[in-house]
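Handing you this structure, nothing more for now.
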Amino acid sequence: MIKYFHKFANPVRFLKLAIPIKKISGIAAFFTIFIGLIFALLLSPPDYQQKETVRIMYIHVPSAWMSLMTYGFIFLSSVFFLIWRFPLFLILAKESVPIGIIFTFSALISGALWGKPTWGTYWVWDARLTSFLILFFIFLGLKLIKDTFSNSSKGNYTFAYLSLVGGFNLPIIKFSVDWWNTLHQPASIIRTGGISVSNEMLAPLFLMALGLFFLFIYILLVSVEINIKEKSLINFRDSLKNN
Amino acid sequence: MSKEYLLEVKNLSCERNYKLIFDNVSFKLCSGGVVLINGNNGSGKSSILMCISGILEYKGLIKINKKYNDKIGYVGHKNALCEEDTIYEYLTFWKKIYNYKKDFNYVINFFDLRKYLEIPIKFLSFGQKKKLSFLRLQMIKSQIWLLDEPISGLDKRTRSLIINLITKHIEKGGGVIATSHQIINLRKVKNIMRVKID
Amino acid sequence: MTRLFILLLSREVKGYLFNTNKSWFALGFFLLCILIFPLSLGGSEDLLKKISISSIWICALFANLISLESLFKEDYKNGTLLQYHINRIPFFIIVFTKFICHWLFTGFPIIILSPLFLIFLSGSYENILGLFYSLLIGTPLFSLIGMPISALTLGSAARGPILVFLTIPFFLPIIIFGVLSVNSFSSGSFSEYYLLCAILSIGIIFLPYITIKILKESLE
Amino acid sequence: MTRLFILLLSREVKGYLFNTNKSWFALGFFLLCILIFPLSLGGSEDLLKKISISSIWICALFANLISLESLFKEDYKNGTLLQYHINRIPFFIIVFTKFICHWLFTGFPIIILSPLFLIFLSGSYENILGLFYSLLIGTPLFSLIGMPISALTLGSAARGPILVFLTIPFFLPIIIFGVLSVNSFSSGSFSEYYLLCAILSIGIIFLPYITIKILKESLE
Amino acid sequence: MSKEYLLEVKNLSCERNYKLIFDNVSFKLCSGGVVLINGNNGSGKSSILMCISGILEYKGLIKINKKYNDKIGYVGHKNALCEEDTIYEYLTFWKKIYNYKKDFNYVINFFDLRKYLEIPIKFLSFGQKKKLSFLRLQMIKSQIWLLDEPISGLDKRTRSLIINLITKHIEKGGGVIATSHQIINLRKVKNIMRVKID
């Protein structure tokens, strides 16, 4: 009975909770990103050194943050799944992988594009960039596992464990700028010494970050909803067959 | 006569890749008893054995009596036959694994495999490979034998040898769960239970 | 338990030694790779000297990678793993014997031979000790990380992509730190060695555990 | 005959495309190798530039080598080759479809990507054409030479040593001439290209034939 | 009634790895006839079939009548079942190879495999795999069928279906060479020849 409850009832109850949140975050994402883009592209001042190219920052930094956050989320969900064996956490973790890929990819591309005017090259093999590239590959690997075992019950624990192992990379990315001397600039916002960026640039940055965060929640909930409904459809079909 | 059970299966059902294979299977294997699982191709006989041996996940209850030796002997389609090893290597390895003290000369002669002793397993014929797996089975000190189609592809003589083996095992107080499409002629065994699944 | 361990280990070792298949493979591949480097550089001594350390590390990685796939494959295919499972043989014994043997026959010979090849490639005696130590920590890490990946490729059809996409992120840090450590050895700083050691000591606890889980899942 | 050829070719291609197993494998391995080079060289741009051509060749070789083993293996193991033989399907069709597909999915993408990687590694645009042409002749040769070797590994236990010790002598000349040819391309001499072309035209006649013989023998 | 022979085997002997497997086997397969090869495990039944199908080297004579279609249909232990393919892919591929014009819907329904059409072959049970190989066999336009233990591991219903298949094939003028340890109950076939090897 309890097993039954764990398996079906909870995701469905979760859906009840999730659908309103999904709608709200969808709307919120739209507006924050919209306003954020206006600020970022029109209202915020150009940098005195980097001129207009600084506007790439409003894409680059939020998506870099979000990709790190997404991986953190996958990591935590996997931990919870391994502790409590709650399938819902696994669904959450699995469905965030494609979103993470998108964020990581856009941070990579925007970073590379930003690198050309500021560093004179698209790519260097320094610690920050390399470790971030590795994160991208880890995301791809997880996506692969998710896909190859998609219509089988195997691979759940495999996915969870590997996302745990991949977690080693997060601190490396975060602190690579401090541990090694890299071309990439060290943290100027999320750091122990307090914020060191002017407010005019900070506002759109945070707006964009918030917007992407809402976007993340929105996409995640949509795909989780589809996933859960699909699963219950299978079970429904099976129960029809048996009767 | 209420003999003690070796293994109890209750309301067993099994899903593979979200597909229900079988449902609501219950039986009890007693010491000195045989359970024959019947069913069509694809009905899930092999899957039941795999559930019992702990490979597949299942719902329901499988209880193995801890009072007895709870080791399980399994002979199925895949029999740990390492193609490159010779028969001799194979047998000595598993003999050590199972801590089988006796010499295995007896078992080898039993199945007429002596002259193939130094041949790599990949050169054996289908039936010879099967015989070899039964040799391994005899070295396990286990009460419960799970046999997946034990006599298919074997000649008359070997079949009767294997039936003898089963009978002996049962007389010693063991239990056998077997699936088969052929009739296993266990005349001397009284406690035979037939389970039909579909 | 120890009996089982020794038994399985000796079987594994026998498999590597007599089943010429395995024992030569990694080492032969290593030799092949090492040979290709000087040949394909077209005889520029100077260049060769500079990339000698990296090339030995790269070759060690490839030799490891190429022998990874077959780590559990045969035992899985012919049902030996299944029988182990049914007969309640603790999987950690299996995994550890596999690990030890894999390292013994791919990592260890490479470590032993590496000074030779370093001299052969670079023509000088410096860095020998640094390379030796870094390989000593690095190659078991390769084997350790390789195990869960190898286990993963068993059940699934997507052997290739998994092997590639999972090895990249997990092997790369090792090779980066490995090469860095050799350079910093000569300048007297050992931070990369400590880091590798730390990864190794964490890895040797968790990675076999994960391998066991994945193996059991693949048995179904 | 053409019908059979197209049929088998489309099956092969399907296998490569949908059985993600194969198609990604060689290419992924190539990417992995290419990535490892700059990382393990520790960021020395200058060095990277100098070994860029060799490293692309080496990676192409490895990608080829690693996908070699499975060329005939599955068809052999599950008896498909046997059925082909019994049903009198000419083996040269099988061998040629295998060859074409193997090249199409390991050699060809590498050729296409090589200019990109050359720029990525060396940062300059010279040598692109030379590398492109040399790979264009070299990669089919890899596949061709690989086929009999892959067939040889089927029946025997000594997969590893065969693969290694036979590939060394046969692949090395190709890679040496390949790298040389790129260098001589910029100086306007094409002798290495001619040599490679000559090997290719001889090889395309004899090597499939040898492969067929070996395959038939392995069926027993 | 001197029917024409489809295949003639004379003084066949076969060596594998310098070991004589069997010696001096002779028989004639006529159109509409069945040759049943009997023998103990490891006596060389499968080897004979492999000789006939041209895989093993042999000494002696194997003559296939060229007047007839000289294609051979073979179902043995290895059946070209590519684990990752689905049944549908498998059948369409071999259908095209054999240039089989008819729809294979009929054959699929015949063996009750319709609902597994989209399942990869590796998920099938032992018997289902065997059925699949028989589906392939039916698509070959061949006179001679070589069947290595055709009914082992199959359930009653499938067994009788396969015996029907064989009977029909023979009525159409084909010939069957089969090995089996089980009794193949070919009541309607008159021209049965038993070859015993050891």
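Order as written gives the chain letters A, B, C, D and E; numbering starts at 1 within each chain.
Definition applied: contacts are C-beta pairs under 8 Å (C-beta built on N, C-alpha and C of every residue); 3 or more make two chains touch, one makes a residue touch a chain.
As the structure is a computational prediction, the values presented were derived from the model and not from experiment.
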Compared with chain D, which chain's mean CA position is the farthest off?
B
Let me spell it out: compute each chain's centre from its C-alpha atoms, then which one is farthest from chain E's centre?
A
How many angstrom between the C-alpha centroids of chain E and chain C?
47
Indicate the whole-number Å distance between the mean C-alpha point of chain A and the mean C-alpha point of chain B.
50
Averaged over CA atoms, how far is the centre of chain A from the centre of chain D? Could you give it in whole Å?
38
Going through chain A residue by residue, note those that touch at least 2 other chains and give them in order.
130, 148
Residue list for chain B, restricted to those that touch at least two other chains:
16-17, 57, 77, 84
Give the residues of chain D that touch two or more other chains, as numbers and ranges in rising order.
19-21, 39, 157
Any idea which chain E residues touch chain B in the complex?
16-17, 39-42, 46, 77, 116, 123-128, 130-131, 149, 152-159, 181-182
In the complex with chain C, residue positions of chain D that touch it:
19-26, 28-29, 31-33, 35-37, 39-42, 44, 47, 50-51, 54, 57-58, 61-62, 65-66, 157-161, 163-165, 167-168, 172, 175-176, 179-180, 183
Residue set of chain A touching chain C in the complex reads 130-131, 134-135, 137-138, 140-141, 144-145, 147-149, 154-158, 161-162, 164-166, 168-169, 172
Give every residue of chain D touching chain A within the complex, in rising order.
20, 38-39, 43, 120
Within the complex, chain E is touched by chain D residues 3-4, 7, 11, 19, 21, 74-75, 78-80, 82-83, 85-89, 219-220
